[in-house]
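One chain, subunit A, appears in both complexes that follow, with subunit B as partner in the first and subunit C in the second.
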Partner chain A sequence: MLRSRRSEWLAAFALMAPFVFIYGLLFVYPTIKMIELSFRAAPLIGYGRWIGLDNYRRLWSDRLFALSFWDTLYFVVLSVIPSVVLALVVALGVNRLKGWMQSLMLAAFFLPYILPVSVVFRLWQWMFDKDFGVAQLLIAPLNDGQHLSIFRTIPLFLPAVALVTVWWLLGFNVLLFIAGLRNIPVEIYEAASLDGAGRWAQFRRITWPLIWPVTVLVFTIQLILQLKIFDQVYLFSQGGRVDATIVMVEYIYKQAFQLNKGGLAAAASVVLFVLIVALSVLQYQLLRARGAR
Partner chain B sequence: MIRKLLCAAAAASALMVGVAQAKETIVWWDFLGGGDGVRMKALLEEFNKEHAGSIEIQPTTLEWGVPFYTKVQTSAAVGEGPDVMTYHESRMPLGVSTGSLSPLGSEELAAAGVKAGDFGAADWKAAQGPDGKQYAVPLDIHSIILYYNKTLLKQAGLLGDDGRPKGLDGAANWDAALAKLTTNGVSALSVPTADNASVWRVFYTLLNQQDGVFLKDGKFLDGDNLAKATAVIGEMQKWVKSGWTPGKTEYPASIALFTSGKAAMHINGVWEIPTMVDLAKSGKLFDWGAIQIPTLYTHPATWADSHAFAIPDRHGNPVSPAKRALVLQTIHWFNEHSLAWAGGGHLPASLPVQDSQAFKDLKPNSDYASLAKTAVFDPVSTLAGVASPVYDAAGNFAMPAMNGEMAPADAAKQMRDDLQNQAK
Partner chain C sequence: MNAVAARLQRLRAFDRIGLIATLATLALAILWAFPLYWGLVTTFKPDDETVQSGVHLWPQHFTLDNYAHVLTSTKIGFWYVNSLITSAAVTVIVVGMAAGAGYAISQLRFPGRRLCWWLILASFMVPIPALIVNHFILMAQLGLVNTLTGVVAPQLIAPVTIIIYKQFFDSVPKDFREAAVIDGASEFQLLFRLYLPMNWGVTTALAIITFIAAWNLFLWPFLAVTSEDKMNITVGITQVHDAFGVRYARDLAVAMLAALPVAVVYLVFQRRVTQAIMLSAGIKG
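Now for the complex of A and B:
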């Protein structure tokens, strides 16, 4: 008995060791170094001298950092909630289809997800282009017949990027929801309809509670992903009023790679890291508690 | 048997080492991915062919802008990277401050045949760091120019008998010409008004045409330079407000507006020359031309930058003296052959090439070559240069003002304060 437990341990360790090693080398160690760097007046490469909390103080008083913080949260609200709700609606629809029709629809929704961000950017940039974009046929009538540059109009920028993001990533969420929906046994629905439950009652009393764990998962994945938003915002704002729509990772990029301020960028990264951990734990606990009720 | 095999293997490897030593390789990095990159590729092939058996350049083209410079900086810091690379002169101060560049001694330059006198004074100086040392050798001068549609200009009576535009000098004349050229469905001038770099280049050109100083002694837009900047931004705003120039136009769209005949004139870099030449060759372009940016204020001046060659400061693994000599000879070869590079629209930095009959015969380059004499390079600062905070500031302040979203005076002030704050 004792012997087998030991060999169990050994096996477990042997199986986990490569991952633990790589995890330690490529995640834990750099994270510790990053935290250390955030207390230094460091350039992008090199150590710099120890300055205590100065980088954090600078962040606190930096108007641009505050802006990037609020822009990031605003973007999360704009992208996470619609993408989860919309994915559930689409999944419910697709789930009703049968056979090849279902596969076709699923593929249609999933296809954008496999595109690289650069392609997504080019597609939408040209579709929305002020002078030649096909979307201007729809936009112009809403804007007194004038063409409008969506991505160069500051109040429209983050909502527009959120729209593109939802379109791009929706397929993955739909897939998760479909997997969840398929796990609900058909017998439950049959029993419910025998008892005279309508479609709405079935959704509220069966589908919604049983799909809840998947919803929490999708929410959390999306939250973490969108807090780290960079690519799309960077690409669409490129060459324009970048500061007006800056998000946190973009701020970090700017400080580290453009301005050679590694220490300040590390401090901003630590803030983002803490924010992500705090928000995702909080959200997960909140949603799970609600589901358990 | 085994001994025989070993001997043979040893002999073979000795032979291979011998061959490898006879042929030197130069690792080369550039960021020339555009239309001009094709021309560089042809030049590289020519070089390798000419030096077959002695020198071989192994080129890699990387992403332009911040990604390129970050890669250079990080690889130099760990002793990796190329033997030679392209570099923007405007980026010298930042490159020197991050320890990415190795200074070039006057003796080794002379030994390779590279002479300061072969280059324009401003151009040569822009290849120096703030410490006065030479860090690069210029290859070209690239700038912005005015592309024009001859048919549309003729209709408006703005084309001289020599096929060049007339009556565009002076702000009042320029404005009148723009008004005249704007007719139903055609704008007078397309500029990438949604692109910070383009806005910066036009702004800096017009600021220097009235002796405005953007940065001096660590102070941005000091004294009456603020008023001059405000005037320039006001002028640029007028183009959009009056409907002469479409606002918020993306870079590719601004080119398309011109090439489709929807804009009579177009301000953009010389690097778009291949676009026009290729379109014209396939018969898809009207009769066109290109000239130096007209003088709107007191004297001619045009923003300019240079592609230059530099040797990275590979920490702990420097490029060996013998390799450096070879690299500098190679750089000299490329300058001697820069006429081919000029096909990409650029002006050769090398004065002997610039003065050669072959270049004078090269159209349309020679039509705007005069700009080199009054070219103004970006301010010397770690905050300035291509893809720098100064470019960003142009996008954050001058650009919205041009597009009518901000008052010119506010834009100039905010641009000054933002950069001054970053300089701290």
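Now for the complex of A and C:
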């Protein structure tokens, strides 16, 4: 018995070794170092002296950090809410269809989701191009017949990037909603329509309450994802005006890699870290609550 | 008679609403497909046609010159190979590590098991972009900046893969295990001859989605590499500019080539991709 216990341990350690090595080196160690670095006045690479909470105080009074915080929230509102609502509408529409029609429609909405962000960036840069973009055909009449450089117009920048993001990620939400809709037994609808319930009543009394948990799931996933926004915002603002719009990861990038302020960047990272972990714990609790039912 | 008429009328109204809903969905789907179609069709147009006014849904003079130019005079070959190597490495290491760790945590009892599981759940909640600063410092200390190893390393934190493997291994019936143990199978034989073969579908799904995610990743490869020869394709196509200025069709041709592998993988393995996405979102599909 003792021997088999020992061989079980040995096998376990052998199987866990790659995991322990990778997580130790690339997750636990950098996390601890990040927290330590946030208390130092350090450049990106090199030694810095211990300054306690000074980096956090500086963040608190830094207008650019405040801007990055509010712009991130603004972007989250602009991208998450439309993408969840629109995805539910699309899922209801696609779910009614059958066979190849359904597959084709689903593919149309889902294909953008698997594209690399750089490709999405190139496509929409071309769509919105100031001189030759097709979208200018719609924009010009709204702008006194003048073409408009959307991504160089500051008030339009984040809404436009949010629009692109909704286009890019909608398919993911649609997929989860369709899975949720398929889990609703057809018999419930049949029984309801025998009782004379109309479409709206069926949606309000059956579909909506049963799809609600999926809605919460999609919403929290998108919320956490969009708080980490960097790629699109960075790509579309490349070569443009400086700091008119900035999101949190962009702020971290700027402090660390452009201004060489490792300590301050680490402090900003800790803030983002705490924000997202808090939201993730909430999401995990929601998922567990669903699983328990 | 009246009841039947009323019912018929309701059915007709039903159909009209249904038809409107279908048409609206169709319109939206066309709208959604348009940017991708438009980008693709532009790559087949000569330069003077891309700057023409009006919307031409098909090129008047179909040409492959843009692709020929991009393939011969940019570093796209390097970027493609770099993306392939790093994405394949990430996929193999992540799936291998996750299968082992998932099996050990699901089937074996050993000291530190709960700590490891807790660590996995913790890393599931942690935003990797918040670690970029210290990942970069670590890679600099290890001398891995501007290397493909440096691009791969931070991508190996993939807790969802382990969680999914654990769930699937948990649901393998105990009878199989006991029968194999009586036949004298070791833990490794159990994993490779029983647990993995019973879950090939999951392994395929996880491998495909890990590969797509690695291929598409932008932020870390963008930070880890500055020399053009070491860039991934997602970074190369946005950071290196043609000396001849803006040429829309060429820029889009490069983008289409960058999207090609993931688009093909998706179209071939559609069901596996959707399964993997639902699994990682916590919905058993």
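Everything below uses one rule, namely that the second predicted complex is superposed on the first by the 248 of 293 C-alpha atoms of A that agree within 3 Å, B and C clash if a C-alpha of one lies under 4 Å from a C-alpha of the other, contacts with A are read in each partner's own complex, and residues count from 1 in each chain.
The rule is simple: a residue touches a chain if its C-beta (ideal position, glycine included) is under 8 Å from a C-beta of that chain, and two chains touch if they have at least 3 such contacts.
Values in this document were obtained by computation on a predicted structure and should not be read as measured data.
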Requested in this report: Using the superposition on chain A described above, determine whether A:L259 touches subunit B (first), subunit C (second), both, or neither.
Outcome: first
Query - In the superposition, subunit B vs subunit C on subunit A residues touched - result: C
Query raised in the report: A:V20 contacts which: subunit B (first), subunit C (second), both, neither?
Result: second
Query raised in the report: Once the shared chain is lined up, is A:V117 touching subunit B (first), subunit C (second), both, or neither of them?
Result: second
Requested in this report: Name the contact category of A:Y74: first (subunit B only), second (subunit C only), both, or neither.
Outcome: neither
Report task. Using the touch definition from the top, say if A:W212 reaches subunit B (first), subunit C (second), both or neither. Result -> neither
Requested in this report: Figure out whether A:V242 sits in contact with subunit B (first) or subunit C (second), or with both, or with neither.
Outcome: first
Query raised in the report: When the two structures are overlaid on chain A, which partner does A:F172 contact: first (subunit B), second (subunit C), both, or neither?
Result: second
Report task. Once the structures are superposed on A, label A:Y56 by its partner contacts, choosing first (subunit B), second (subunit C), both or neither. Result -> neither
Query - Partner chain(s) touched by A:R96 [first = subunit B, second = subunit C, both, neither] - result: second
Query raised in the report: Residues on subunit A in contact with subunit B in one complex and with subunit C in the other?
Result: 44-45, 125, 129, 131-132, 257
Report task. Spell out the residues on subunit C that touch subunit A in their complex, using ranges where they run on. Result -> 14, 17-18, 21-22, 24-26, 28-30, 32-33, 35-36, 38-39, 42, 50-51, 55, 93, 96-97, 100-101, 103-105, 108-113, 116, 119, 121, 123-127, 129-138, 140, 153-154, 156-157, 162, 186-188, 191, 212, 215-216, 218-219, 223, 233-235, 237-238, 248, 251-252, 254-256, 258-259, 262-263, 266, 270, 273-274, 277-278, 281-283, 285
Requested in this report: Could you please specify the touching residues of subunit A with respect to subunit C in the complex?
Outcome: 7-9, 11-13, 15-16, 18-20, 22-23, 25-31, 33-34, 37, 44-45, 90, 92-94, 96-97, 104-105, 107-112, 114-119, 121-127, 129, 131-132, 134, 137, 167, 170, 172, 175-176, 179-180, 199, 214, 217, 221, 224, 227-228, 230-231, 235, 238, 249, 252-253, 256-257, 262, 265-266, 269-270, 272-273, 276-277, 280-281, 284, 287
Report task. Spell out the residues on subunit B that touch subunit A in their complex, using ranges where they run on. Result -> 66, 70, 73-74, 77, 94, 97-98, 192, 194-197, 246-251, 253, 256-257, 382, 387-389, 392, 395-396, 399-400, 403, 405, 422
Report task. Give every residue of subunit A touching subunit B within the complex, in rising order. Result -> 43-46, 125, 129-132, 149, 152-154, 239-244, 257-260
